[in-house]
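We just call them A, B, C and D in the order they show up, numbering each chain from 1.
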Amino acid sequence: MSSIKLAVIGGGSSYTPELIEGVIQRVEALPVSEICLVDVEDGKEKLSIIEGLSRRMVEKAGLNIRVRATLDRREAIRDAHFVMTQFRVGGLKARARDERIPLKYNVIGQETTGPGGFAKALRTIPVILDICKDIEELAPDAWLINFTNPAGIVTEAVLKHTKVKSIGLCNVPIGMQYAVAESLNAKPEETYIEFAGLNHMVWGHRVYVNGEDRTQEAIAALIEGGSATMKNIIDTQFSSEFIQALNVIPCPYHRYFYLKNTMLEEEMKSSKTEGTRAEQVMKTEEELFEIYASPEMDKKPEQLEKRGGAHYSKVSLNLVDAIWNNRKDIHTVNILNNGAISNCAPDVSVEINAVIDSAGAHPITFGAMPVELNGLMQQVKSYESLAVEAAITGDRHKALLALTANPFVPDANVAEQMLNDILEQNKSLLPQFS
Amino acid sequence: MSSIKLAVIGGGSSYTPELIEGVIQRVEALPVSEICLVDVEDGKEKLSIIEGLSRRMVEKAGLNIRVRATLDRREAIRDAHFVMTQFRVGGLKARARDERIPLKYNVIGQETTGPGGFAKALRTIPVILDICKDIEELAPDAWLINFTNPAGIVTEAVLKHTKVKSIGLCNVPIGMQYAVAESLNAKPEETYIEFAGLNHMVWGHRVYVNGEDRTQEAIAALIEGGSATMKNIIDTQFSSEFIQALNVIPCPYHRYFYLKNTMLEEEMKSSKTEGTRAEQVMKTEEELFEIYASPEMDKKPEQLEKRGGAHYSKVSLNLVDAIWNNRKDIHTVNILNNGAISNCAPDVSVEINAVIDSAGAHPITFGAMPVELNGLMQQVKSYESLAVEAAITGDRHKALLALTANPFVPDANVAEQMLNDILEQNKSLLPQFS
Amino acid sequence: MSSIKLAVIGGGSSYTPELIEGVIQRVEALPVSEICLVDVEDGKEKLSIIEGLSRRMVEKAGLNIRVRATLDRREAIRDAHFVMTQFRVGGLKARARDERIPLKYNVIGQETTGPGGFAKALRTIPVILDICKDIEELAPDAWLINFTNPAGIVTEAVLKHTKVKSIGLCNVPIGMQYAVAESLNAKPEETYIEFAGLNHMVWGHRVYVNGEDRTQEAIAALIEGGSATMKNIIDTQFSSEFIQALNVIPCPYHRYFYLKNTMLEEEMKSSKTEGTRAEQVMKTEEELFEIYASPEMDKKPEQLEKRGGAHYSKVSLNLVDAIWNNRKDIHTVNILNNGAISNCAPDVSVEINAVIDSAGAHPITFGAMPVELNGLMQQVKSYESLAVEAAITGDRHKALLALTANPFVPDANVAEQMLNDILEQNKSLLPQFS
Amino acid sequence: MSSIKLAVIGGGSSYTPELIEGVIQRVEALPVSEICLVDVEDGKEKLSIIEGLSRRMVEKAGLNIRVRATLDRREAIRDAHFVMTQFRVGGLKARARDERIPLKYNVIGQETTGPGGFAKALRTIPVILDICKDIEELAPDAWLINFTNPAGIVTEAVLKHTKVKSIGLCNVPIGMQYAVAESLNAKPEETYIEFAGLNHMVWGHRVYVNGEDRTQEAIAALIEGGSATMKNIIDTQFSSEFIQALNVIPCPYHRYFYLKNTMLEEEMKSSKTEGTRAEQVMKTEEELFEIYASPEMDKKPEQLEKRGGAHYSKVSLNLVDAIWNNRKDIHTVNILNNGAISNCAPDVSVEINAVIDSAGAHPITFGAMPVELNGLMQQVKSYESLAVEAAITGDRHKALLALTANPFVPDANVAEQMLNDILEQNKSLLPQFS
C-alpha cells in the first residue's frame, strides 16, 4: 500500500483540474502514483484536453504522478485504490432538459432535488451499478467516492445493491461551514457544525467554535444576513420569524423546499432571460475548455471558480486522506443510516457527520430528528428510496409513485404528465424503461 | 352499571336527531336512561329545538329515556358513562373563515386537513382539554367519544395531555366500506377492509369479502368507477395508472393530497359561485332547524341526509355498544399508535382497525407502512403533532412550523401570511395566543 | 371450498383420538370430508391402530368422513386445506435422552425449553422445512397448524425460511385461561387474558371477566393458591412476594426460569425414582395403545386425559374453525411479531393474542414489554433465534452460542460438554451436523 | 475559562495519588489551579494523609496548584469545572459484605456485577443524586466524571434523574486495548478497538492496528493465550471453541457471565483461604496509607500498582483533556445510548466508543447488537434499569425483580433470601428502604 492509484470516472469534467491541484497540494500525505481519467466516447475531446492540462500541472509541480486518459473504464478501475465518480449521463444537454421539463408544469426545475434530479437518478443509477460490478471484480478493496448527483439517491442505490465500499459526497456542508464561520468571524477549521439530514436537505443543528456553542449567534447572523458569504449561501429570502422558529441552520437547497413559490417564480423568470442553470453552465464550460486547451496553461485557471463546485477537491481529497491515513477525522458524508438518526429507516442513506478512518465512515449518533424537521425528511427520504427502486426496476408505477412523493410535485396528475415527458425525452438514456 | 347516561357536548348540532334515532334503534343492546345535551349560550335556541325534537322521538318510540338540555357542561358530564363531543368552537361562521382564508393564498381551504383544519384545531384543543378536566373530576371512568374535527389532532391532544379514556371517530372508513362493498356487489357487513393511516388520510390496504381477498377487484372497480357510490366517495379524478400504482384504496380526502391542483381549482370556482362548503351548509342548517322545530316532527327528517355525516350515529353507537357490551368487535378508530404502525412514532394518534371491548380500543398490528405511503403519512403526522403543540402552548413559532409542515402549504412565506390572517380573524377564540 | 381435507403429520400420535373427537363435535361448523393420517415407517403399527380407532369413532358418529392412514407424506399433503403437525422426530426415546443429558450436568432436563428442547429443535426443524417444501408444491394455499414443540422455535424457522402460511399452537394459554377462570369462579368463555410473550414463556398481563378488569384478584388467588386447578397449572412454589412484585400471571413453564434451583432438585429426585417425564409417558402410551387397539373401543378413551395435552384438540380446531369460517375470534398463537411487542425484534415469533380470520392471524398490538419481563424475554428469544440458525446451518459454533444463551445453562463450558453429548447421542437424527 | 478547578469526591481514596500524578504530567494541556479533595467524616484521617502527599507531589513538581481537603462537599463543588467521583458508601467493610452475602447462597460475590454490585448500587445512587443536586445549584456547567461502581448503573441514574452533564468511566476498555495491542505486538496508541456493550460487559467487536483489521489475529491470540498480559486480563479459562464461536473479544468480567460455575468455585475457594477481594484489599490499603503518610514520600508509590485500577488516571484525565481542549478524541465511555446500539432502549446507559469534545460525548453509531450477544446484553440492561428504579424508589418489589433479573441469581427464591440479607446488613446505609 505504498502508492495510490486514483480512477476518475467522468475525468473529462471541467472540475478535474481542481482535483489535480488538490492531489498536488497533498503530496506529502497522499502518495498518488497514478491518476487514470476515464470518460465516454462522446467526451473524448474534452477528456483529451483535461489530460493535457493535468499533465502540465503535474509536471510543473515536479511530481512523479502518471496521468492517463482512457475510454476503457475497466482498465481504469483495475487495482485502483479509490474510484471517484463525477460523471454526468447525457451531459449538460440532459441537464438542460431536466431543468426545462418541470417548468412546463409550473414545477421547480432543479437538477438534483426535484423531478429534474429524479430524471438524473434514473439515468445515473444503472451506470453506477455497472461501475460497481467492475469494482467488485477488478478492485474489490477500492473505495468508491461518489460525487455524482443526486448523491444521496445514488449512494443509496450503491449501498443497497452492491458490495462496494462507498461514500457519497457533497460540497454543501463544507460551504455552510465556511459561511457560518465567516458570519461569526471565526476560522472555518475552528468551526464545527452538527450536521444531520439528507443530501441537499441537511440541517446544521448546532454550531460550535472551538467547542463553544454559538448556535444562537449563527442563527441571528443568518437572520441579519450581515455576512456577504452567508447571503450567498443561504439567501435572506427566509423570513426572520421562520428562521427563529426553525432554530437550526438550513442548507441552501432548503430554499426550494421552504420557499417553493418564490424559487419557482425566480426560476421561471431567469429561464426566460439568461436561461436555466445548465444553459448558463454550457457557456461557462465552453470558455473553460478553451482556456484549458491552451498549451501555456499549467495550473487551475481562476475562471473555474465561476463554475461553482467550491471546495469540491477539498472535500473529496480530505476524505481520501482520512481513509488512507486512518485519521479518524470527522467529515459530513452520505452513508448508511444504521440507526444514527433513530427515527429514520436504518437501511437508507443519510447525510451526517461521521468519523472517517481506514475502515470507512462511522456516523456519529444523532438521535431522533425533531418533529418540526422529521416530516420533510421522511417525505424526501421516501421519494429517494422510491426513486432508487424505480431506477433499478424500470417499473413505471414505482416511477410515478416516486415522482408523486416528491415535495416539488403538487399533484399525481402533474406527476404523470411529467413522467411521460421525462421518459420520452430521455428515451435512449433509460433502457430499463423500454 | 345497569343503565347508561350519555352526555352530548355540542348537543344543539343538527346531527343530534341521528344520534337519538340510533339510541332508539339499539335499545335492546344499550340501556340508555339519560341523554344530556349540552351547548353554549350562543347555541341556546338550537339546543332547545333539538331537545324538543329528541323528546318527541323518544316519546314516539315509547321509551323511558330522560332527555335533558343544559348549558351547564359540568352537570352534564357528572357521572356520565359516555361523553360524546361534536361541538364546533365558533360555529359555522368560524368554519366559513377557515375555508376562505387559505383561498386568498391559492391554498386549498379545507375545514379539517389544511390550514382551515389547523385554525379549527387551535380553537378546539383548549376547549376539549377543559372538558377532559371536567371528566377527570366528575366522571373519571367515562369514555370520551370524540367526533369533533380534526379528530386525529384532537384525539392526540387528549391522549398526550389528559388521563381521560378516549377514542376518536370518523365516518370516512365506514363510508369507504359501504362504497367498496357496493362496487363488489357485496354486503357491507361481509366486507372487511384493513385500514391504517391517519384521520382523513387513511388507506384501505386490503379488502376481504367473507374472508376472501378481493383487493384487486376493488381497485379495478375504483378505476372503472362503475359504482355510483364509489364515484361519490372516491372520485374518479384519480388517473387509472395512479390508482394501479398506489395499489391501495385511498380515502376521499386523499384527493386533497394527491390531486392538489385539481381540487384547488374546483374549490376556487365553487367559492365564487355556490360559496364554500360552510356557506352552503349554513343554508341547509337553517332549513333543517325549521323542520326540526315543527311540533309535528317526531322522527329524524329525511332532509338530514343532505347534510352529510352519513353513518355518523352508526359509527358512534356501535362503538358505545362494543365498549358497554364488551363485544370485541373490530372498528376503525383514532387511538394511540403504540407500535401498531411500526415505523410511525409510538406516542401519536393513528386511524386504524382495533378490537373494541370494555377495556377500550386495542389496535391490530399493521407492521411497517410501505415506503410509497410512509412519506405522506409522516409529513402529515409531523404537522399534526406540531399543531397539538401550537394549540397547547400558544407559541407562534410552533404554529408557523406546523403550518409550514402542512402539505397544502407551498411555502414558509405563505404560511406566515396565513398564520397572521388566522390569528387575526380568530382573535377572540384563541386566547392562548394573546 | 365446500369440504375440508385435513392432513395430520404424526398421525400415529396417542393424541389423535382427541383430534378426531373434536372434528366430530364440530361437524356443523367444519365440513371435514377427509382426514389423512401420516406417519413414518417406525410408527407404522401405531398409525394403524389410530386409523382403526378413528374410523370406528367416525362411524359411530354416523359421519361421512374418509379416514386414511399413509406413510406417503406427499400424498397426504396434496390439496390439503390444513396440515397439522404433531410429530416427534426420534420418538419418546429421543425425548428421554433430551431429558437425561442435561441432568448429567446439573441442568434442568426439560423437553421444550432447556437443552432438551434445543436438541429437539435441531432434530425437528429440518423435517418441518421438508414438509413445508411439500406444502409449497402440493398445497400452496394450505395452512400449517404446528403443534410440534418447541413450537415457538419451530414456527420461527417456518416463518423465516418458507412461504407457507403457518401458525404455531400451544395449549398453555388456554390452560391458564381455564385455571384463572376457576380461581375467580368465572366461566372460561367469559374470561379474557391479555397474553404476550414467547412460547412456554408467556405471561398473562391482564385478566378480564366479562370486560371487568380482575387482574389483581387473579393474582391474589394465585398467591393464595386456593384453587385446585390453579395449583396444578401454576404451582404455589412461587413466593407471595415474588408474585406480587411480578404483578402478572406467569405460565407453568415460568417455574423453570424463575425457580431453577427448586425445579432442578425436583427433576433430579424424580429422575431417580419414577423416571423422567418421557420415561413415565412411555408407559402411559403403551397402555393407551392397548386400549385404542381394542375393536370395541369407538370413542376417545378416558385414560387419554392422564397423558396431558388438555384442550389440545379445542385449541387446534377452534383455530381451524376461525380460519375456515372467517370468525375474527381472538386466540393466543405463535406468529411473526411484526412490531406487536414493540421492543422485540419484528422478524421473530412471539406468543400473543391475535384476531384469527381467513387471512390468518393478526396480532393485537401489545406495546413495549415492561422492563421487569423484557430481560428474560430477550434472552430466551436470542436463544431461540440462534437455535433456528444452528438447526438450519448445522454450524457447531451457532449451536454452542445458542446453548450458552439458554437461561438454564449456567456456563459456556457446560454448554460445550452438553453440546458434544447432544450431537453424539442424536447422531443419526442430525444429518446437518455431520 | 483560563484555569481549572477539580473537585474529587472520595478524595481520601488510595487511588488519588495516581490522579495527582496525572494532573502533574498533563500540566501543559490542563491548566489546573485547584484540586479540592472531599470526603466524609469517617474518612477524615485518610483524607488528611492524601492531602499531605498530594501537596508534596505538587510542590516537588514546582507547580502552582492549590490542593485542599474538606468535609464540606458543597464548598468543593462550588464553581468546579469537573467533579470526579470515586467514593465508596460504607467503605471496604460494606464491600466485604457485598462479596460475602452471595456466597452464602452459592452465588458469585462480585462487587460490581452481581448481587454485590446491586447492594452497592442501592447505597450509591441516593448519594450521587444528592451530589448532582449540589452540582445543579453550585456548578451547573461542571462535568461529572463518575468512576464509582457499578458505573453503568450509577451513570444511568444520573442521566435519568438529573440535569447534570455526566460521563461514566471504567478502566476495563483501556486495559483490553493494552492487552490486545501487546498480543499483536502493536503499540496501544495505534490499536483501536470497536467497543460496544454495557459497563463490565463490553465486547471488543473489531480490532484495528493503524487502520488494518486484525480482529481475527487478536482472537487467535486470545485463544493461544500467548501473551502474558492477555492472560492476566482475559483469562484462558474460556475454551478455544467458545472464543471462536463468539468471534469478538470478551472483557475480563465476561468470565463471570460465561463461566459462572468455574468462577463461583474459584471465589468459594479463595474466600476460604486468602479471603474475598475486599478483605485482601483492606490489607493493601493499610500498607499503602502507611507509605503515603511518610513525610518523605512525594510521589506516587510503586506499591499502588498492586492495588489494581491500572490506567485509572489516564482514562479520567484524558477525558478531562478531551473536553477542556475540545479534542474530538475517541474514548470508551458510559453514556446515554440514544440509538447508538439500535436494538437497545434509547434512554439507558451503554458503554461505547464516543467522540469527546467540549460539548460532551457523542457515541459512534454501532447498529444492532448481534443476536448472539443481544440476549445477555438485554438481560443485564433490564437488571440495571430495575436496579436504578429500586435504588430511587426504595421499593422492595422493584428490588426483588431487579435481583431476580440478574444473571448470577439462579432463582427468585434465592433472590428473595439474598434481598433480605442485603437489606438487613446494609440497614443504616439504605434509608430509602426503611
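Things to note:
Note that a residue touches a chain if its C-beta (ideal position, glycine included) is under 8 Å from a C-beta of that chain, and two chains touch if they have at least 3 such contacts.
On a predicted model such as this, the values are computed, not experimentally measured, just so you know.
Chains that count as touching both subunit C and subunit D, per the definition above, do not exist in this structure. Set against the Cα centre of subunit C, the chain with the most distant centre is A. Subunit B and subunit D have centres, each the mean of its CA atoms, that are 56 Å apart.
One inter-chain figure worth recording: subunit B and subunit C are separated by 45 Å, centre to centre, where each centre is the mean of the chain's CA atoms. Taken residue by residue, subunit A touches two or more other chains at no position, since every residue touches fewer. Contacting chain pairs (ordered by label): A-B, A-D, B-C, C-D. Contacts from subunit C toward subunit D in the complex involve residues 237-239, 241-242, 244-247, 258-262, 343, 345, 371-372, 374-376, 378-383, 385-386, 389, 396-398, 400-401, 404-405, 410-416.
On the subunit B side of its complex with subunit C, the touching residues are 192, 206, 208, 210-213, 325-326, 328, 330, 338-342, 346, 355, 357-359, 362-368.
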